[in-house]
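Presented sequentially are two complexes of chain A, the first with chain B as partner and the second with chain C.
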Partner chain A sequence: MRSKIATLLSITSLCCSIMISSQVYAGDTIKIGSFLAVTGGASFLGDPELKTLQMYIDKLNKEGGVLGKKIELVHYDTGGNPKKAVNFIKRLVKKDRVDVIIGGSTSGTTLAVAPLVKKFKIPMISLAGSIKIVEPTQKWLFKVPHTDRMAAAKVFADMQKRGFTKVALISGSGGFDKSGRTQSLALASKYNIQIVADESYGNKDTDMTAQLTKIRASDAQAILNFGFGKAPAIVTKNIKQLGIKLPIYQSHGVASKKYIELSGDAANGVRLPAAAIVVANELADNDIQKKVTMAYKTQYEAKYDQVSSFGAHAYDALMITLKAIKQAKGVDKKALRTAIERTQNYVGAGGIFNMSADDHMGLKEDSFKLLEIVDGRWQIVN
Partner chain B sequence: MSDYILQFLISGITVGSIYALVGLGFTIIYNASDVVNFAQGEFVMIGAMSAVSFSIAGIPLIIAIIMAMMVTVLVGFALNQFAIKPAKGASVVTTIIITIGASIFLRGAALLIWGKDFYSLPAFSGEQPIHIAGATILPQNLWVMGISVLLVSAVLWFFKYTLLGKAILACSCNHTAAQMVGINVGKMMLLSYGLSAMLGALAGVLIVPITFSSYDAGIMLGLKGFSAAILGGIGNPIGAIVGGLLLGILESLGAGFISSGYKDAIAFAIILFVLFVRPSGLLGHEHQERV
Partner chain C sequence: MKRLSGFYLLSLVALILPQIFPDNYYLTVVGVFATLHIILAVGLNLLMGYCGQISLGHAAFFGLGAYSSAILTTRYQLDPWLAMISGMVLVFIIANLIARPILKLKGHYLAMATLGFGIIVHIIFVQTEALSGGPDGLGDIPTLSIAGWAVDSDIRWYYVTTISALGTILLSLNLIASRSGRAIRAVHGSEFAAQMMGINSNKTKVMVFVFAAVLASFAGSLFAYQQNFVSPDSFSFFFSIELVTMVVLGGMASTYGAVFGAILLTFLPELLIVFEDYEMLVYGAILMLVMIFMPQGLFISLGHQLTQLKKNYWPNKKPAGDQQ
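And now, the complex of A and B:
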């Protein structure tokens, strides 16, 4: 009998200890959930984003974590598919019980999960571009990348400075291109600019000279091309081929070395808005973003290939999250959300973030640098 | 207005000769086995990408091109040996589906080898545009057009005047009969896949300075090349060229005069109409029902 009681007792205590230890274990890690387009058409976004998250979380855990707790990344690959994103959000919240979410890579996936984020009351920082994510402001939803509207504004401001009033617009068929086109058309009149030609092309087209011939016949003083991938490089080459001497503006979608490489000589003189990370080397030493961009660039490039602004968005989202966790002294969702919303003067790779209750992105237009390509290299235009 | 039209025509011919070159690649395998090889676009991509890789590695352009063609021919042989041949006796439709599978496989392999980036080669003879009566054209476009003409002549000559070419055609007409008269059908198939791959690779190398290339460039080129071949009458090398040029010109005139957003729709609507009136394509033989 005594032995039986003893056994029972020991079993009970064992159970208790297991329960306690598992509780301690759960409390010991901070779970960050993410859903990114690591494969598929938008993989150029999701791939560097995930690499960045993994790299920095590993590094942080080696240094002892945050608030003495390890960080665990729970990630699902959406392939850019909004339906999958919806399922993954449910899984992240209900099954994995994450504390905060970073993602998705595309505006489509982010907007698809927005109602669920509201329902589950979980803070989420998106890495997608569309202005619709933060306008109107939604309580639990934040984003870090610049918007296409900011890019258009930056370009138009420079055009106005140079005295251009008539501009030809040419854009691609993708979501990014179309959204950029809409924003450009809406914003132009604010800068006294008239869009005198509005042409489009398919993103896989191999020749845009027909559209550009029409632009050549218009009375445009400059050309703005909103697009990414190889098409803007073909546009740039075609403009030169047709002997059009107008100044060319591109969007932040082509802010990569690849664009210069593909366009060759034709890229010289092209102006475009870009995040500071693209020109980390060229930034002045006293630039407030010099330190953070160089640090991220060096770390990323030591492990992977060339740095991109997309990975930098993931870096900013992670750093803002970690700062907020420290400020909230834990991962209580309400406190964490408030702490994210109160992000002030965070100098990130994308710019200086000042969030508020009405601004869940926190970047100003000046966080874009205006670049000109000179002799195949980026140069910052002041 | 007239220099407008001239520029549209030149644009159309430029794009069209690219489609034509890809379309030409479809002809050989079709002539040998009645199969439309949907991995043809991937041959173009592999040719372009490997030429870029060899060129980046410091190999002189001309040797890099030849090596790229050899690599692609090996891929063509492999496609025949490991995917088409084991399915011997399968229907044409089954074989076509196998080529679709192969194209997805090749695309995946290219993604692993070259990543997702775009690559380009320097133009063969500079990038200074040539002015013709108010319109402009790039020297590389002349290369594409010139070599297309040479290739189509060579393919025509091959099928019409060489024993090998005739043997390949015989395989398509009747496998069994061809075998009975002593033609090694297996060898002919291997040869046709190799030749077709070589043609694709050459097209890829020629166009990569203009269009750039990435692992998924084959999809669009394959589709447009296939449309060109169908429009001109599949199996007829001249048909592929005519179809390609026509498709290019339609697209460019559509973009120039009607709407750049709908240029593909305009071109495809016209193709559908043509096929409605002439199901075998513009230069295709009237379809004969085999009894």
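And now, the complex of A and C:
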């Protein structure tokens, strides 16, 4: 029994020592907090995002910082876990006393911390896709990536132009897929499109021929696949294998070279909406986004591997934050929030941002480019 | 009195600490998680440590509790307390239904069956979008209030979860010291021998399983109210593994061991953040070293070593007379 008491005492002293140590005091720096999914299933989002933030903040500090102050990035890795995200937000606000937050990578982590952001009254720019983040608008919460609704709208507009009225939908089991599916079903009728098949698969499945056979039996004129990762490439290949001749549409979730590599020949003819950054090289020289996308692409690729639209979102979030800090002439949270909300005509890697009190994303549908894969390369469809 | 002296000391420390550090991040934010983990680990320890049955799907019951509370309060405007009780009743029924067939299995097969159950529940959370909100989760969950006292700040939550955890520990200590507790331990030792002594081993196993599940559901409801948000990622297979690790690392078949394991595994990642990119590496190394050099678990091994030290330094002192 004594031994138990002794052990408990040692636990207590351990706890005490933890509490007393590590109190961080705010110096004369601007603190940007971030919580991204750098490891785990969503690391393909968080990894380029963090690299982008670090790269540009280093660069800026070498150039003298903002308003004469150095910028300090305080980052925590959530691994895509909303539970951790909640803790990290509290840590960022209460312990690290950051001025503004950029993150998280996934909709789940962002939505999990939304109530806290409201409570702490701290401006936060999310890098996640779900439309639920900005609809309804929350005072302190912003986001920069395009929504799944915009992707669906872009695809349906093109289908309408080509005269399709009956479309088969196939989507995966992840958050992105589910949200995309919901938005597609809600939007279709607006474009006089009828969803004649609504199939789903697990994101780790290796064969989708069963679902596609059902789609073949329907009277669909085109197939829309909402998903990311490996699965959409398998869908694309399976469509080819089954000899289905229908035109294929994919979402912005597959706008990376990896998709073309994985699906090989079958990818030719596939159309999808994507951010300008994906086709920075192919943009016309007079395109308003040419300069910013090329600059980001060259800098990122000089240091790391191939550029992705996810890193570009972090770039946009950081630039909007910096602009707002300059405009607010400091980091007073209220002024900073207002300045972010007043972002106008900011030409970013994701599009042209015009935020307002009831639009905390600020992107229009035309910020997506419609691409077609021709001979294994992206081509912009006009 | 002597049997519970450790518990009184622990309670004293847990309730005095917030008086000294009322706004400390580690205490009021991480501490809340630690106490929730204690409820889960102590429950799981009854099943794994004392009864000798493994469960790799414990997060499912935690999730069922959390989602019951979340769905009933947001979609059906039920009182949070009623929702919590409904969740526990639901889990009681589900656990009873699956425990009977599942607990007939042994060893790897039992591990597989519980693992499968955990994954199925996770898939249900993801797929039933209309009810659970799908992978994006469910928000705007109201918080608890106790007779008009709304639990809406970190420090208040610390008190609520700490008192709940202390209650769980007391329950576990008393259960193990009772006749049922001896029956549970007998089943672990040898099912045949236990049956020879007139213990219904199946019934005992089911009882412990259901008890641990209902405790997990209770913790899940607290979690949902504390976070105001639930999503399937919080109740994945990995969380089940984390819970098993807490029990094993702290020390099987020791309630304080589970408590220690839960506290350690909650604080360790927070403290290792200083290693930045290498935090997972250091984390894994610590877990491995503990298991290699202290296979009985940290709490038990440390306890032994401390007694040993004491004997070396004060060899003449009379040993404590309360050896169990």
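Following the convention adopted for this analysis, the second predicted complex is superposed on the first by the 355 of 382 C-alpha atoms of A that agree within 3 Å, B and C clash if a C-alpha of one lies under 4 Å from a C-alpha of the other, contacts with A are read in each partner's own complex, and residues count from 1 in each chain.
Note that contacts are C-beta pairs under 8 Å (C-beta built on N, C-alpha and C of every residue); 3 or more make two chains touch, one makes a residue touch a chain.
Computed from a predicted structure; not experimentally measured.
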item	value
Which of chain B and chain C A:Y76 touches, first, second, both or neither	second
Touched partner set for A:E261, first chain B, second chain C, both or neither	first
Contacts of A:A217 with chain B and chain C, given as first, second, both or neither	first
A:A112 touches, of chain B and chain C: first, second, both or neither?	second
Partner chain(s) touched by A:R91 [first = chain B, second = chain C, both, neither]	second
Touched partner set for A:G243, first chain B, second chain C, both or neither	first
Which of chain B and chain C A:N61 touches, first, second, both or neither	neither
Most chain A residues touched (candidates chain B, chain C)	C
First (chain B), second (chain C), both or neither touched by A:N354	neither
Common interface positions of chain A, toward chain B and toward chain C	173
Of chain A, residues touching chain C in the complex	1-12, 15-16, 18-19, 39, 76-77, 80-83, 86-87, 90-91, 94-95, 107-108, 111-112, 114-115, 130, 132, 173-175, 178-179, 182
List of chain A residues in touch with chain B within their complex	43-44, 47, 173, 199-202, 204, 206-207, 209-211, 213-214, 217, 229-230, 233-234, 237, 240-243, 258, 261-262, 264-266
Of chain C, residues touching chain A in the complex	2-3, 5-6, 9-10, 13, 17, 21, 23-27, 29-30, 33, 126-127, 129, 134-137, 139-140, 154, 227-229, 231, 233-234, 256, 260, 263, 267, 270-271, 273, 279-280, 299, 302-304, 306-307, 310, 320, 322-324
Of all residues in chain B, those that touch chain A in their complex	4, 7-8, 10-12, 14-15, 18, 116-118, 120, 122, 127, 129, 131, 136-138, 207, 210-212, 214, 219-220, 251-253, 255-256, 260-261, 263-264
